[in-house]
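Below is the structure I would like to discuss, written out as structure tokens.
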Amino acid sequence: QNRGRLLIDCPDQPGIVAAVSEFLYKQGANIIESSQYSTNPEGGRFFIRFVFECPNLKEKANEIEAEFQPIAKRFSMDFKFTYVFEVKKMAIFVSKELHCLLELLWEWQSGDLMTDIALVVSNHEDARQIVEPLGIPYYHVPANKDIRAEAEAKQMKLLEEFDIDVIVLARYMQILTPNFVAAHPNRIINIHHSFLPAFVGAKPYERAYDRGVKLIGATSHYVTNDLDEGPIIEQDIERVNHRNDVEDLKKIGRSIERSVLARAVKWHLEDRILVHRNKTIVF
Amino acid sequence: QNRGRLLIDCPDQPGIVAAVSEFLYKQGANIIESSQYSTNPEGGRFFIRFVFECPNLKEKANEIEAEFQPIAKRFSMDFKFTYVFEVKKMAIFVSKELHCLLELLWEWQSGDLMTDIALVVSNHEDARQIVEPLGIPYYHVPANKDIRAEAEAKQMKLLEEFDIDVIVLARYMQILTPNFVAAHPNRIINIHHSFLPAFVGAKPYERAYDRGVKLIGATSHYVTNDLDEGPIIEQDIERVNHRNDVEDLKKIGRSIERSVLARAVKWHLEDRILVHRNKTIVF
Amino acid sequence: QNRGRLLIDCPDQPGIVAAVSEFLYKQGANIIESSQYSTNPEGGRFFIRFVFECPNLKEKANEIEAEFQPIAKRFSMDFKFTYVFEVKKMAIFVSKELHCLLELLWEWQSGDLMTDIALVVSNHEDARQIVEPLGIPYYHVPANKDIRAEAEAKQMKLLEEFDIDVIVLARYMQILTPNFVAAHPNRIINIHHSFLPAFVGAKPYERAYDRGVKLIGATSHYVTNDLDEGPIIEQDIERVNHRNDVEDLKKIGRSIERSVLARAVKWHLEDRILVHRNKTIVF
Amino acid sequence: QNRGRLLIDCPDQPGIVAAVSEFLYKQGANIIESSQYSTNPEGGRFFIRFVFECPNLKEKANEIEAEFQPIAKRFSMDFKFTYVFEVKKMAIFVSKELHCLLELLWEWQSGDLMTDIALVVSNHEDARQIVEPLGIPYYHVPANKDIRAEAEAKQMKLLEEFDIDVIVLARYMQILTPNFVAAHPNRIINIHHSFLPAFVGAKPYERAYDRGVKLIGATSHYVTNDLDEGPIIEQDIERVNHRNDVEDLKKIGRSIERSVLARAVKWHLEDRILVHRNKTIVF
């Protein structure tokens, strides 16, 4: 595939689009999609995402990146080139509830998730028989409050070994340490089973039931060291009513969690998400 | 109109539906709608709402209520008969933002809100020129933290004078005292401009913007003395994205607030709402 | 389980609810849910669904049904008692697209679909390796325009053999003959991949793309002999835009089809659906 | 205001974004928003919309447009510059149902609709007392099948006299002639009270009721000479059920019509809509 993406984040000023599109044109690339956003045209922060096609991109990638340096410097850009031919390697972490894992596997099998699911890590054995028949390695790493350090050491080793780009917590019910989180900035995607910031923390469906809300939701976000406070990627809700007990809320919620997480993961894989402070820009 | 409604709330046990429907049948009434709910068929609380039609209902209403007493006693019922011919009298409280008031007036003019809007009370003059041409009395009652007691005394007097059944806070930006609230249990309907319990309190749109949520919402609830903690009647949401600034959120939110409040008010007027502890049953 | 359901369809007149609830009370049953609807309180058609609990229901069911006859006769009722202990037997028909089948299997494995999936019938082999490991018999019955009679004879024999109550067409891409349809009135549930009545017939996503619609949908309905014209059970939609090509519409559509069909099937299994002329009443 | 927009529609080829953004940069303009779409990167059609800010835009507009000619020629562009300081002049056509008119007036009064509502034209008198107090001229032009030519002649004269840019049919229940339509290509916006292409033509709510659909909708589109077949701008739906009669559908529908039409009009005023064949690209 000759398709690439360029993500840029820099101080806003006139001439950025001109300079970059001129650059891509001279490299022989055709821009097929571009989205931009500015927090404020005067003195704000500027974000842009280009999708381009370029003949022989694989061979030319290094050269393109090298030649882009002067422009990046001139505009003080943070930037990233990514290539469709470099498929991201994903690790999925899961505990006993398997619906989010199943949704990801199903989308992946249907060809809707452009990723290499390199391994599944779980603190339980429940998912093994689903994962292994698909040819995906499954690692049972027991984890709980008392053996957290030990468990994370094993996990870190696996992530390195498999050269993982993105970690998806598909209802993984263990807390990660600041150390682990800091090692993967904006690369750990979690699904929280409530409409954040409502019901931060444990047992959101029980608390939604107690409060008598008329809509329940789910939130996918990047993991930071503030519990359930990371940048929100996607949210959705479903209507409930007084007849629904906690079990109903969980059932209805499972379906929201599945689709919200799947959308967030897909956008991440397509490099559609830029993080600015504690918020996401989703192009 | 010969249409009436009967709302019942009592301990669950076999025979309730039989006894009440037999009673209504003997009174010559035809049940045209019934909805029931039980928190738990064994030892729970039972709720039912009947809509019935009965010839000469106006003349027979007193007799029917009197004859219902033995059944009510037998099953330890809280109950309420209401009649379509007794239109509820409504007071609308508003401040400077008029969109919710306008929506209610518009629905009322279209014949979609079966109520008598007896008066509009405001701590500002802004709405006078909209309200008075419709023949609705408008009372400017200045209100703020320092003159709360005095303002509420005036308001209470107006509510009594106009024999008000229900108070709608259509973006009324003053806090009501426990005294005022206690005088109108489950009869004050508020619209809060967030998806509760997210963003309880002031400036919800500003805080939604800061948190970077992908959906914003509004919540209509009965007012209790716990700020924004009363029984939720209705909620709804709309999708937003990173391009929307606080002003956009407010604009989008106005449209949600309008429809959420209008639905809640309509349901209240149709006696569809029963309150159980801090939750609503909406039939 | 001691839970039963009673569905009634009769001319509206006063006294029905009283008579039936009195009857259930005398049988020792506690009504735990009831929903009613009347096309017109004066001279219309009346529909009601009761859910009740009754000790020793299994032993008493025959007697209850026998004793109900006089009431049924008095009010000219069409009626049906069903029992939670009598699980409905389901046949799923599928072709090459497996997402709807997978959704049903997944809900069934999660305990959300109270049914006995007795067999899967397909005109292809694609689903065999998914179905058989779950212990569900899989029958490959080749089918096309030329061998329709022969194929349906085989299918009918299987349905009889397995004593099937409900047939779900989970993207089964063959037309059924009037003979087959007539043998299973209101017992064949189909999922059509458009928001009916838009795009009746073949290739709905292609036609939705050509028309440039901004929402695509799916519709679940009972099958009648008018193609895509049977009583609609459930519909839902998802937003699309100019960037979505036909393949995107199909992907987005798959997710709508899955949830719409699953809801319709669930409601059917819970006896929530009554058919009146060509429309459904979903309680 | 120094804000302008540039819309381009041309054959896709490399270098367009570079050439245009370079051009804008040299004019001293800062690109603050850009959206592009290509039907096919190889040999397809390319669409782009720029929003830019440029000091002294009012004075420089003519010069900019002139200097853009060579680029336009080089890439065979259809293009259009528009300026926020040139507010579009709108005519609203309405009949007896006023909810869509009211919504537009309400959004306009709130400052959410950047337009000059130059006049309201109606074949009835109903809206006069709403429109004239706002200082908007109201013209009663009787219209029906028999006097169509005469009526349209009067309307055309008014449109010319007021120098109208866009015509909104806010539930205007008269058919326009091919002559009238041809004179305003992609400048007449209609609201149809169904989810097109379902229920093309008259009485859509009655037909939706008869079909027993579970969702009803509304569609805003540009008017062409094929009835209800013009390019769709926006659609939305709301859930209904068996309890809703035709009157209910109309009430629910009114609320959908209001918001769908308001969104379509807003997008048109912001030059977000490009028409390609019979479809819209909404940036």
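When the chains are written out, they are named A, B, C and D in that same order, and each has its own residue count from 1.
In the analysis below, a contact is a pair of C-beta atoms (placed from the backbone, for glycine too) under 8 Å apart; a residue touches a chain by one contact, two chains touch by 3 or more.
None of the values given here were measured: they were computed from a predicted structure.
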Worksheet item: Compared with chain C, which chain's mean CA position is the farthest off?
Response: D
Worksheet item: In terms of residue-numbered contact pairs, which of A-B, B-C or A-C coincides with C-D for over half of them?
Response: A-B
Item to complete: Determine which of the two chain pairs, B-D or A-D, is joined by the larger number of C-beta pairs in contact.
Response: A-D
Worksheet item: In whole angstrom, what separates the CA-based centres of chain A and chain D?
Response: 37
Item to complete: Scan chain D for residues touching two or more other chains and write them down.
Response: 37
Fill in: Contacting residues of chain A [partner chain C, same complex]
99, 102, 106, 110, 112, 251, 254-255, 259
Worksheet item: Which residues, counting only chain A, touch chain D once they are in their complex?
Response: 12-18, 21-22, 24-25, 28-38, 41, 53
Worksheet item: In their complex, what parts of chain D are in touch with chain C?
Response: 37, 195-199, 211-215, 217, 231-237, 241-243, 278-282
